[in-house]
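In the two complexes below, chain A is the common chain; its partner is chain B in one and chain C in the other.
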Partner chain A sequence: MSDSADDLRGWLVQRVASYLERDPAEISTSVSLTQYGLDSVYAFVMCGDIEDHLNLTLEPTVAWDYRTIDALADHLSTLVGR
Partner chain B sequence: MTSLRAVAGYLPSRSVPIRSLQDDLGLTDAQIKVFERFYGLSHILRDPDGTAADLMLAAAGKLDALRGREHLIRYVIQARTMPVIAPYPVNPIHDVRAALGLRHAEAFAVHNHACASGLLAVELSGRLLASDGDPDALALIFTGEKTFTPAARTVPGTAINGEGAAAILVGLDGDRDRVLGYATRTDGRFSAGLSLSNEAAAEFQQIYPEALAGVLTEAVETAGLTLGDLTLVLPHNVNRVSWVRLCKLVGLPLERVFLDNVPVTGHCFCADPFLNYQSARELGRLQPGDHYLMAAVGLGATFSAMVFQH
Partner chain C sequence: MSETLEKLLGDPWDPANPMNHAAVVAADERQEMFAEGERLLDEYGLNAEFVPAGLGGRLTGVDRLVRVMRSVWRRDPALGLGYGASSFIASVNVWAAGDDGQRRAFADLMLANRKIASVYHELAHGNDFARAEFAATPGPGGRLLLNGRKEVVTNLRRADSLVVFARTSAEEGSRSHSQLFVHKADLPPDRMTYLPRFPSAGMRGVQLGGVVFDDCPIPDGSVLGTPGRGIETALRSFQLTRTALPSMMAGVVDTGLRATLRFATARTLYGRNVAAIPQVRSTLAEVYADLLACDAFGTVAARALHLLPGEASVYASLVKYTVSKQLIDAMDRLSLVLGAHFYIRQGTYAVFQKLLRDLGVIGFGHAARVACLATVLPQIPQLARRSWLIAGDPPADLFRIGADLPPLDFAALRPSAAGHESLSSAVLADAASPGEPGEVAALAGLFADELVLLKRDAAALRPRDLGVDARPEALGVAARYAAVLAASSCLNVWRAGGGDPGWVVAALTRLAGRLGRGSGRLPEAVARRLFDELLDRHGENRGFDLAGLPLPG
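This part shows the complex of A and B:
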């Protein structure tokens, strides 16, 4: 897979849309995930999916530290690039 | 100065994997996975044949310091999360008082701080005993509840509840486990408890570490200490990740938070900090003179912390 922030952004949009059972086109990458009603359990589901997808271990607080898809994608691309 | 004269925990022998409760609790596969992978939850303990009174009496049975001091008990206090735990006129704390031969003591319950009511009961005991003026008088506190009802079995998205119980003997002017500071804050925006809207629940999750950090800091400052002076934090056992967030926020090393019981007992309502106290002592994690802190959060939402010197 590609590890660029744009690719990760697109992948995260698909995941978040799946959790929320919404159309990916409705998901803005600059809106806080909590504003979409993504509860804490699904924030952790997302963490688990990211770990599996990128084969890395995340700080479990990542969903609180990076609240938008943009911020999260930038953080993840930095981690993957290390 | 209020002090804990003795603490005794009772842990039911039946260990139940949380995975086996999936259907009973209506948990999704995703929720179970998150509870196990990120929250550090694994099992809970239950005593399926026992009543609320049985739980309290089992803890009292392990409280050796009570023997021979029954006549000194002035108050018998049940600190609990649930406002109602038995149909009228059944009153488990009155039944426990009678079974222990303590009819001379006043018996009542406190639940206003939900799962933080255990610390409230310690504070209240100290105030009542001090105002009575008898330096030898004692209060006997009980914590720990049954998981009879669906609402008592889980804090949705946060914890799985178990049935451990603790009995705590509180006195004045003791030379061990002295209370040095207490801080508590109730944020009424979250008074709906388990019935919060999704938006309010998200807001509660967001403010949680900062609000908890606020009372931790206030309690240690009241004690004339800093967080760095604490040898150990004895937490409530709702889950591991909430403590990861707290530690990251305040710069406290996570290994100073006693999380060993999270996968063993789950969240035992008001009993968690006291069960953790007993476990920490058994493991040699507390030495004479050590400063430690008990912390708890009750739905509603009350954030509480109490600093002790062992």
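This part shows the complex of A and C:
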């Protein structure tokens, strides 16, 4: 698996941009996903997409605990590295 | 229904019974809780039904709890809410997140016939929990201080203790709220002010109150579970209440249907008995079919809490959505048969107008119907990809009404099903026993077709359609899915139990109508079978649910 934190960060930016129907260039990796309007249950959409992308099982609340793309990418890269 | 409780409460149509409909209506006219009813429920120890058996109560299966509580709801919804549901809603937070001491304390209060209020609601935020403002923040001494207002809360004033949903962090997001379990005796009285009671259209005897807290300190150790986990606790534990409460309220329509039958069989119009008018007969048969469908879906979802807890987040919200609509529509249709008698607040049928007003809470109380759809919608693409049309069979006991259930495991309830759901695929033909009657197989086929279409439509949902900006068509996918789940419940309960397929044909015909597949009207022969069975049950004084047990009187 070659999913470094940077790769994951880029992939997450694309995903979040698609959820919001916005240009990926407008998405900051250090802004909380809630501020972009992705609410508590929407986080389950993201969790499912990440699971499919990385072929692993996550707590559905993972995006509640890691609230920015940066935090999520770092967390996921440690999981993938294991 | 519970035999013991039914016997204690007696025949509600008996003029000599102090617990009769007339007494319930009189209490409503006085805008009071029904005192004699509360006394008898204390005598029975109703609260024990909400307390797990391991803590000294009688809660073993959620399906059983529903049956017992229908005995209360079918007599007086104000008792159902004001004696029952309020403490039940508070309790599940404690069972799911509390420590041993908190669980013990809650159980002891319940078993001593005390009231505990569930203090969630803020008028400004409605179902939008994540934006609730009422705060619990550390004061100078480190103790948490409560600040803010809560509104339209059942039993707030008379409860001894409270389960309060509060913001415990200023950060945005879903880890900023917690539930607090506090006893009023521990709070300085000058830091809390009650608001005047909120007058309401129904549930007029229920104490719907409000409170304002001003720097009110609470004892250490009041938080339920890990601080900040409150939204997760609510999403998990309310799966019990969202499943059970609408299903209990089927008891209200049982009485509504019984009142209408009494009226229709006693009254003569145009030279004939009202019950002989074909339009009336088909309306009554259809309401009966809807009640049975509600019971099947509600019972299967209740059993899923025990048998498929990881999937229950989906079923709970969609039972709330479906059953609430079916029951409200059923009462509205019955009111047309009663004509002026549904509007008059005195006489033999006066209980109907009270039940109709009280039942209104089912559409918005504890979670609005559309909020239930919106809760499931984000899960739909994943459910479609991972489960629809391909999931393995659910456990056979899911559909065996009355079979023993494993104990509830609150830790196994998940905020999301993560794409796992096995009830919808059980409508498929290959799950059926061979030799299914043609009329059943044809109806099952409609729902199998619908699931195919739903899978296609789910794949086409835009990400934007999964959040608060969802188009009505996207919410429609969740609503159509709910109808498939209800149909699968009916079909498989019938497959497991066998017997005359009349009811399942009727229930599926009604559900198909909700999908725009047919009118939902019962074919004449089916309506006649259902109506005859309904008259038999009415004559024998048996419940209008799948169990059909005898009632007192």
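Simple rule for what comes next: the second predicted complex is superposed on the first by the 80 of 82 C-alpha atoms of A that agree within 3 Å, B and C clash if a C-alpha of one lies under 4 Å from a C-alpha of the other, contacts with A are read in each partner's own complex, and residues count from 1 in each chain.
Keep in mind that, in the parts below, a contact is a pair of C-beta atoms (placed from the backbone, for glycine too) under 8 Å apart; a residue touches a chain by one contact, two chains touch by 3 or more.
Computed from a prediction, not measured in an experiment: that's the story for all the values here.
Taken together through their common chain A, the two structures put chain B and chain C in a clash.
Of the two partner chains placed by the overlay, neither chain B nor chain C lies in contact with A:Y66. More residues of chain A lie in touch with C than with the remaining chain of the pair chain B and chain C. Of the two partner chains placed around the shared chain by superposition, chain B and chain C are both touched by A:G48. Looking at the shared chain after the overlay, A:E21 reaches chain C, while chain B stays out of its contact range.
Remark: of the candidate stretches 189-197, 261-269 or 315-323 in chain C, the one overlapping chain B after superposition on chain A is 315-323. In the superposition on chain A, the residues of chain A contacted by chain B and by chain C overlap at 34, 37, 39-42, 44-45, 47-48, 60-61, 64.
Here chain A touches chain C in the complex through residues 18-21, 32, 34-35, 37-45, 47-48, 51-52, 57, 60-61, 64-65, 67, going by the rule given at the top. Within the complex formed with chain B, the residues of chain A that make contact are 34, 37, 39-42, 44-45, 47-48, 59-61, 64.
Within the complex, the chain B residues that touch chain A are 30-31, 33-34, 37-39, 157-158, 198-199, 201-202, 205-206, 241, 244-245, 248. Across the complex, chain C meets chain A through its residues 129-130, 172-175, 231-232, 235, 374-375, 377-379, 381-382, 385, 414-416, 418-419, 462-464, 466-468.
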